[in-house]
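Two complexes, one shared chain (subunit A), two partners (subunit B, subunit C).
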Partner chain A sequence: MSSKTSKAVIQRLRGAAGEVVKTIQKGKNPSIGIPLRTLANVKWNEKRFIIEMGNAKQERFFFNVSMAKKFMQTFLVASSCQDLIESQKSASIRELFYMTKRSVADTKENTFEEQDESDEIIEDVEVAVNALREELNLKAAKKGSLVGDITIVDKGDTIDARRMGSGGWAIPSIVEPEIIQFRKCDAKFVLLVEKDALWERLNEDKFWQKHKCILLTGNGQPPRGIRRLLNRFVTELKLPVYVFVDNDPWGYYIYSVVKQGSINLAYESIRMAVPQAKFIGLSSYDRESYPFLDEVDIKLEEQDISRAKQILEYPWFQKKEWQREIRNMLKTGVKFELEALAKKRISFVSEEYLPKKIKDKDFLD
Partner chain B sequence: MSSKTSKAVIQRLRGAAGEVVKTIQKGKNPSIGIPLRTLANVKWNEKRFIIEMGNAKQERFFFNVSMAKKFMQTFLVASSCQDLIESQKSASIRELFYMTKRSVADTKENTFEEQDESDEIIEDVEVAVNALREELNLKAAKKGSLVGDITIVDKGDTIDARRMGSGGWAIPSIVEPEIIQFRKCDAKFVLLVEKDALWERLNEDKFWQKHKCILLTGNGQPPRGIRRLLNRFVTELKLPVYVFVDNDPWGYYIYSVVKQGSINLAYESIRMAVPQAKFIGLSSYDRESYPFLDEVDIKLEEQDISRAKQILEYPWFQKKEWQREIRNMLKTGVKFELEALAKKRISFVSEEYLPKKIKDKDFLD
Partner chain C sequence: MKKTKKKPRRMIAAHAVPARKETLPVLKPVDAPETDSSAEAPLPKFRRNAVEMATKQREISVSEFFSKNRHLLGFSNPTKAMLTAVKEAVDNSLDACEEAGVLPEVKVEVKQVAEDRFRIAVEDNGPGIVRAQIPKIFGKLLYGSKFHRLKMSRGQQGIGISAAGLYGQLTTGKPMQIISRIGPKRPAHYFEIHIDTAKNNPEVLKDEERPWEKEHGTRVEIEMEGRYSKAGHSIEDYLKQTLIANPHVRVEYQPPGEPAATYERASDALPAEPREIKPHPYGVELGILVKMLKETKSHWVKGFLTSEFCRVSPRIAEEICQRALIKPEMRVRRVSREEVDRIFRAIQETKIMAPPTDCIVPIGEEKLLAGLKNLIQADFYTATTRTPSVYRGNPFLIEAGLAYGGALPADEPVQLFRYANRVPLLYQKSACAITESVIEVDWRNYALQQPKKSVPIAPAIFIIHIASVWVPFTSESKEAVAAYPEIMKEIKLALMDCGRRLQGHIRHQRRQENELERRSIFEKYSGILAQSLHELTGTSASKLQEDLKRIAKKTTGLAEDAAVQVALAPVAPAPSNGNDGGGNGK
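The block that comes next holds the complex of A and B.
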């Protein structure tokens, strides 16, 4: 990136380093303030409907036996990120681990032993300079595909998502505005599907054409690139987002991470969460409308039951509709998969199930 | 598909059913011959350099207590495939399971209990009518992306793989000629990369542009769609294929499945395997050319060692260069990941490692 954002991030990285240098010049113990990523510093913001980070910070000192190594690691990672941004290259967090791994001169110590350590420091740097890792030119795994009624510019190449055949556009890991821009968009909503098989089904049936939407899948829990893209669809294009998942606790959880973020990565919610997202299905009440589902339900396992009970307690599932939904799953003792809709007929999902849900505005929020 | 292939497959499906009907009309016990997918019926064809299926068959009879259910299942699956082909729709194997799952009238029996059962019957139908499951309009998981010096037509949409930005074209599960066609191609070779992070690295560095190639990743073991696509690149476009994987037994195995197929799916080798594929790295000898790798190697674990020893015994790894390669890994006791090349510098892989390998024709075959 060579944009305003990159310049701002570099400035913040240099700012942090500059403070340290000044402290050293004054002959004092240099330090850097790292906002705390502990559970105690995570807050549920009911009004904004996102999980966000509180204001607690920890000072990381250089002259402190328990902090010196982390202090060094922090600047090593920050400096590598600066190099990446300046050379306009991006790296996976695994590559960053290797880039920063070395033996410390005259010792038997390595800067990092395992990637766990550098991953943690990456999160420290993100919160310390208030930048998403993507803005530090670091990337997570890439997966998922997109088709639909939108034109996207990706690194200068124009992608007409209406003419992407059966495969679609492979969603990159970094979708920041410097790399990805939106052009002509006639979509009326965005549909995120948990499973690639259903995405292929809906694409084959040209669901996105008939219903004017953008169709994405993240092959399971959507990666960061997809969450960020959804966030941008909502904030920049003002599109509603519907999430379509298996009816099981894992499906509820995927929806909740898309909607209000996760506890572990609370500091990113503001740019990754999509509080406007709505749950379009599968609902445990669908079997009442579609009795054929009884033939293809799956008995809840022990772990499904305990996970559902956990989810019942989350503050962001306290709305009465959600309590009713989850309790009904527990009461009936069964779950359903997206593919189970094929029991009725292969295109039932695109010709009947989804159109009816959308027409009736039959969503959970 | 509405093509010649589809018609031929339907004809074979009907042919099998027709035989059964004739037998019934003669008042005899109807049966269908299923080629055996047992280890004993798998042969290593040294000349063609693929794992292929032998000629042994088993007759599956209707009037046979141990076979009646499978007989019924076989025709249930075959009939669903015919419906799919005729309606020009495709289904995932999970969807097919749901499509064919039902309770058998007047009994407590279901046609299928678990997907394992229908998956096995799918393989039976594939071998019985000599069609890939993709030709039966069934699909496996979809993953992986492609960029490069080629134009591809996907369901009538023209995909210029030179202008696919940072994301690329998402490779669909079914890439049969009825759906995917190749147009203008100036690529000189195909590079399959194990990991998406490296694919993104090489795409960011425009490696495919400088070296005129097609760049693919399958995010790990490549799915069937990618293997079939590689096979078509070789047979139709006569392009060499290079496989670029971690230096560990899993990397060797990925290469070998691409090259000569797998024991489990030996019957597909003829249309999925790429015996021309070459191994471009990482090699256990790379540390001799690049001593920096010593700083980022990983000690082999117990399971790596036993897997490497198994691989040493496979007939398709008997060439002396391969024996030397695998033995060297065991001797040194370490493995390397693709990302480890970033230790030198982030673009070392695209600027030095791969260009040198290609220039020196430093491959294993």
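The block that comes next holds the complex of A and C.
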């Protein structure tokens, strides 16, 4: 990370602490403003086609019984992040949990009991000082693989993504330009696959070689590193991005997070969202082209139905074709998994399904 | 046997209502046995005929009656007997001291003589008793100064101390020992007295002058069968309860085989002297009215009414006579039984002003508080004195007080200390109007737990005092107050008044606890917060922590004043003086 960014982040951390110290010295109740990360405080920016965070803030006070602990935790995490940045080390959020966990003033109580607690405070600090997690030298667990027609430099090491064997390159959680740079790229598009199993299938079939693309998986909801990387592929390499997910409400949602950003991390949308991303499948209309799918459908469960109805209401799913897609799923009452394509034959997906979709430009946007 | 059974009932009835003249010590059977003039005529074949039965019918004395019915006077078991004896002697001492205007100093000694035999001695600094009266006061049941007047006092019937002596005599055969002196220049007289149970007369075994260090006062010693109890109804508890309601009393107590304890007085002011009053017409029963008519010195009915009762003016007397269709100038001796009936009814129908209430002397809120604080350790005290009220023509007044918190047990029913004319009532708690009134108040309104039909559960002691010229007890042993609605209403009002103040305290306390809890939360986290802020800004962590502590104290300021709370009524209702027009005795 550039020392310029680091300095700015440290300045902001110290600035917030300095305000609190001043208030305390005046004998008043110190507070820190934390932007709300709730559905009520996200705005759908139709022009930019991303989810943005609103201006609503919650003042967190120390002298308030229900806020005192969180207030203390906020500055505990802030001071640990300062340590990390100053010592030029990056820690996983689990490491940070252990770094900040200690007993409180001779009681059995700990500063943090569960990692969930510290994870939440990390997000609070991010939004409070307007710094990305990566800028605080924090990283999430690695969770994703990449192969494809591209050469990448990772912390000085050159990685040829064409020679990654069956496992692929593990995508780190911090993929900022200071760490990751792109070199030779012959890929024409990027394909993000929801499931590791399907990613392996496509890698084995050398799909990326035949169709000149970059193949990624995030094992479900793609982690921040992958989303940031997709964002850079689009902005720096001008590559189109296709998202290939299960045909169920969670698949739709994964697509929408990649495309517009998530409610929880709305503050990072501008650096993470890929508004150009297109939905390649599976679509609830695929069964019309491939009747064999009728034999492998799965009945929608109660929670699928209610989630689908929720998604129908989101402003970023208001396009006609999306309403039609989701309503069709609800109408048929069934869903499909990516692996179901193997019903026809094992390489059906790489030899027929995907090439046809790409050729026909059969996408949802 | 039938007739002897009847007599005790009549005797008790006579005590329960005010009477005037000394006619009670010995009761003659109503229909004394007489020999039939036609003695020769044959009698029906009963198992025993009337003549045979007559030979067994004879006069019985009160003493004899008592020796067979000791439970009626509080001597039903050895533990209770000892306590009753101490109680009667102390009551007498306090009454005597107060009447003489001396701050009472009482010494109580209990010595164990044998396994089940004790010697109790009660000594006071009162005015003493003149030599001639000593045998009668201690050696004759129902002899005394208090029964014949309507004046607030501890003792009422003059039965207590002689009954205690009689109990000792019955269980050990030992006489009562009395020493009394009426002034520094007079000799102290020592007596040993037996009671002749058949005649209810004192039998003096010894009468001599003895040297005594006390300038004036009386000492009574009684040896009796007994059991010394430290739990439950103990002598010590009785003395403590007495001192709460009588903070002007100093007591030295020497229990058997233990070091002596001294209870200093919490107040140097003697209670004001109660005034004696005449009976109020509303409080008089028909039988008593008949008796009063027989014994009056007045000649005319109108004069009788105005001179023997309070609140009867000549005009009111005329009104009563008019209603009873009797001439006011009618001679008292010639009033027929039927006419008494009419007078009685006329009294009830005539509007008569309530009796004067300055004859009642309350303990007073401040003194009650002083007494409570002197003997009970608690966090909160309060007391209230009601204005006097009237039941059946008898003025009375209720006082209540309470101590809450501190070391008092939190999960037990509230302890009730009941008092009648400053005397603690120790037995028959559940038969008493005071207990009943406590139960009838809904204490949940005052932040206390209360199981259905029970006394509330709280770390508290409640004190309820009824002061009256004639406290209506349910029995001769004076252990429980009878449930007159007027009395219960006043008790409840007094308790509710205390309850409201207690509720304020409990609320305050709860808020305070909350505040302390809040403060502890802030203080808990301030260390780590100060350290984190220090690392980010370089400001001294210890200084930051001090500042945080200061703000924490400021924001939870309520937790500061943890001192003992005392709530006094904003305006203490002073007992009205005599000319109260309000309240019409009914």
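Going forward, the second predicted complex is superposed on the first by the 306 of 365 C-alpha atoms of A that agree within 3 Å, B and C clash if a C-alpha of one lies under 4 Å from a C-alpha of the other, contacts with A are read in each partner's own complex, and residues count from 1 in each chain.
Note that a residue touches a chain if its C-beta (ideal position, glycine included) is under 8 Å from a C-beta of that chain, and two chains touch if they have at least 3 such contacts.
Keep in mind it's a predicted model, so treat the numbers as computed, not measured.
By the touch criterion defined above, A:165 lies against subunit B but remains apart from subunit C after alignment on the C-alpha atoms of chain A. Within the superposed three-chain model, A:24 lies in touch with subunit C and out of touch with subunit B [touch as defined at top].
For subunit A, the partner that touches more of its residues is B, with subunit B and subunit C as the two candidates. Contacts of A:63 after superposition on the shared chain: subunit C is touched, whereas subunit B is not. Applying the stated contact rule after C-alpha superposition, one finds that A:76 touches subunit C and leaves subunit B untouched. Look at A:109: by the touch rule set out above, it reaches subunit C but stays clear of subunit B.
Common to the subunit B and subunit C interfaces on subunit A are residues 102. Listed in rising order, the residues of subunit B touching subunit A in the complex are 84, 87, 89-92, 94-99, 101-103, 139, 141-146, 152-159, 163-174, 179-180, 196-197, 199-201, 204-205, 219, 295-296, 337, 339-343, 346-347. By the touch criterion given at the top, residues 13-14, 17-18, 20-21, 24-25, 27-29, 62-63, 65, 68-69, 71-72, 75-76, 78-79, 82-83, 102, 104-105, 107, 109, 111 of subunit A touch subunit C in their complex. The residues of subunit C lying in touch with subunit A in their complex are 518, 521-529, 531-533, 535-537, 539, 544, 547-548, 550-552, 554-555.
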